[in-house]
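Below is one structure. I have some questions about it.
Note that the chains take the letters A, B, C and D in the order they are written out, and that residue 1 is the start of every chain.
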């Protein structure tokens, strides 16, 4: 029994007290998910490194997040003398407030009757809701920069500047990857994007956009391979070096909730939001997309992305700062601009000359195949031989450059007579 | 509430921006006051768009915002060059940039 | 005259309440831009004014414009201000010497006069009934579609000129601030080979050996009491902010006088 | 106006939580004053008093923020075009390709001049 009200009408009729309850539920959902995420991350990363991970606090260590929170609360709250006190306290408040706001437009489920009142499982929705999320994340970057600056010394300042430069670089790639989704869904409101994906998810037809988004998702939250500004070896703690007690916990909370925000955005825009995965929704179980079930699909997809974050952190080594900034600027942005141009031209042509998608895909495939063949032939014709390491043919010199070195692969170890007098040891051996 | 109040608010903000430009000495703060004046004019544009009921007011405010962003880029580049050569961002030193 | 009075357009009370809460915040934040000592504080007051203005745009039916104001202005332009402020103007506090006599008072008076003039003009003008942007939106099928249709059909020329304005902004910023690299950038492997081949592959002696402090700019003392040059990073030496002991400083001054004669 | 009001609820809730936890943080927890504890943290050694930024001005952050503005404006123009793409059809497409190309010229210039290199 699909309720006949459209999302926007259902939301318009929702009484204010129901919106307030929804806001409290979303806030609770996020805080509890953060505590579970802290526990899950430490357990899964431990499991990947053949150790057990936290299992003391509560059943299976589930209350570890809570224990960390209380421990941080009981620590001394230090404000350094060189710090600018007002902004030092303001920065964590900005970070912690803006990360919650982005969840206001994320749809958890379809129109459902709660306490006898028909409303959509979504706090609010308006015509520019995805741009609103972009606006909230760009205000969230203020928390990083101000935390870095207000701590007084140069390490946090450079740490704050570096991580905010990284966040804004990946925010462009994220913004550009949305354009193709709006092109296909014809609107920026999250509920319409989800409803326009009921036949085919955008992750399938817009795969390059999805891949660019997933990469910029990791870069945007300073996570896994791109977390150099907070790395222990680099600038100690980056922008939150000087923070202690609950202010540090707020930055910790903000980082995890930002991860949930970008993951929720990925599910809404690319994986069909709360809609049941393909075999379940249409064929096997008709009721999968009605009532409260969709919340289950949404949370499941959310946690797939969360596992991906943990997996990346457990396995990939950290990239150097100039490497991933170069990757962000010189690879992601041109790629996504090119992809937008291709998607737009294909769609305009198929709208205009009413060639359906099959022909375009065929012609595209043929063109790619021809390109592949040409490149193989080109390699073969130009006869490029494998680069040879240049010093392979030189005689083996154990003291190459004044430092004892083992022989390179393919070099013979020459038997060297042990030299008695240390004074002219170098010159004699080199001549041998 | 009469929608003309928006116009009064925008003129008050514009005046505060103008006073800021005249009074402050730090080049970056003067530049911020110019941005405040541009924002005030944007508010006036949007209020007129609402009073007259056509959307051109908002589109013009949109273009004002875009051009103001480009202007900030160049303005701050000049201030950065002055700082790098003269170690001070005060408003009295730009004449030193002349060769 | 009566017709004018009768037709004074009224807006919904919700909007009135919101306006009377937000307007004082906007004016207060704008005044604080002028009054705050530190430049970063006035940048933050500026960001608050912009966000309050964004909410005012949204209340007037310009949802797209309000959100764009937050994304482009507060998110990008103010970020550029903060970056430049943090690296440049943080300690460039205002010098209180007024080059022009009584500039402050003149500025405030001039501004107040201009304000009175402006508001008189606004109060004298008669405005049409506040129709709101709803009609235009529905004609084009939604708010964003209406703005898109306006930008990409009626304002096509302005739209293309904007991209040229952005090119000049990029080229100008590059010409003014970008420094070409004088020495070629040596990649990481090459640097590590050079370091091994140099006479000093191990790190410098850590500062503060036998010295009173272990800060980075305190040179380590050799057994005979003189400071060892290698233990202080050369950037600090170039800046001349190395903290020598009194004995060492005295010796250095003596050497310099010796060289000068 | 009313789609914006629920965001206010969530915002007040989040701000209240953040402000409460900062207040609780400063009240709960010991208060043992010591001068060294309040110094800036520089990997355990004494902090070196330096002018912030050490006088040298890393211009790379300014260039990144500048390019961020450039592409932010491009994104903000692309969104309404993508939403109203079907009404604008071929004319809109050519317009936007020209816009992307012109901004591509600026991007190529900055790339070629080395504005994107981080050392």
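One rule holds for everything that comes next: contacts are C-beta pairs under 8 Å (C-beta built on N, C-alpha and C of every residue); 3 or more make two chains touch, one makes a residue touch a chain.
All figures in this text were calculated on a predicted structure; none of them were measured in a lab.
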{"item": "Chain separated most widely from chain D, comparing mean CA positions", "value": "B"}
{"item": "Between chain B and chain C, centroid-to-centroid distance (C-alpha), Å", "value": "13"}
{"item": "Centre-to-centre distance between chain D and chain A (centres being mean Cα positions), rounded to whole Å", "value": "16"}
{"item": "Rounded Å distance, chain A centre to chain C centre (Cα mean)", "value": "27"}
{"item": "Centre distance in Å when chain B and chain D are each reduced to the mean of their C-alpha atoms", "value": "21"}
{"item": "Junction residues of chain C, two or more chains touched", "value": "15, 64, 68, 71-72, 75-77, 79-80, 83-84, 86-88, 90, 144, 147, 151, 162, 166, 169-170, 173, 177"}
{"item": "Residues within chain A bordering two or more other chains", "value": "126, 128, 131, 134, 157, 161, 168, 187-188"}
{"item": "For chain D, residues contacting two or more additional chains", "value": "4, 42, 47, 50, 52-54, 57-59, 61-62, 65-70, 72-73, 75-76, 79, 83, 96, 107, 117, 119"}
{"item": "Chain pairs that touch, as defined at the top of this document", "value": "A-C, A-D, B-C, B-D, C-D"}
{"item": "Partner chain D, residues of chain B touching it in the complex", "value": "66, 69-70, 72-73, 76-77, 80, 83-84"}
{"item": "Chain D - residues contacting chain B, complex", "value": "57, 59, 62, 66, 69-70, 72-73, 76"}
{"item": "List of chain D residues in touch with chain C within their complex", "value": "1, 4, 42, 45-48, 50-55, 57-59, 61-63, 65-70, 72-77, 79-81, 83-84, 87-88, 91-92, 95-96, 98-99, 102-103, 105-107, 109-110, 113-115, 117, 119"}
{"item": "Of all residues in chain C, those that touch chain D in their complex", "value": "12, 14-15, 18, 55, 58-59, 64, 68, 71-72, 75-77, 79-80, 83-84, 86-88, 90-91, 140-141, 144-145, 147-149, 151-153, 156, 159-160, 162-164, 166-167, 169-171, 173-174, 177-181, 185, 207-208, 213-218, 235-236, 239, 241"}
{"item": "Partner chain B, residues of chain C touching it in the complex", "value": "8-11, 13, 15-16, 19-20, 23, 26-27, 30-31, 33-34, 39, 42-43, 46, 49-50, 53, 56-57, 60-62, 64-65, 68-69, 72-73, 76-77, 80-81, 84-85, 88-89, 92-95, 99, 103-104, 106-108, 110-112, 114-115, 118-119, 122-123, 127-128, 130-133, 135-137, 146-147, 150-151, 154-155, 158, 162, 165-166, 168-170, 172-173, 176-177"}
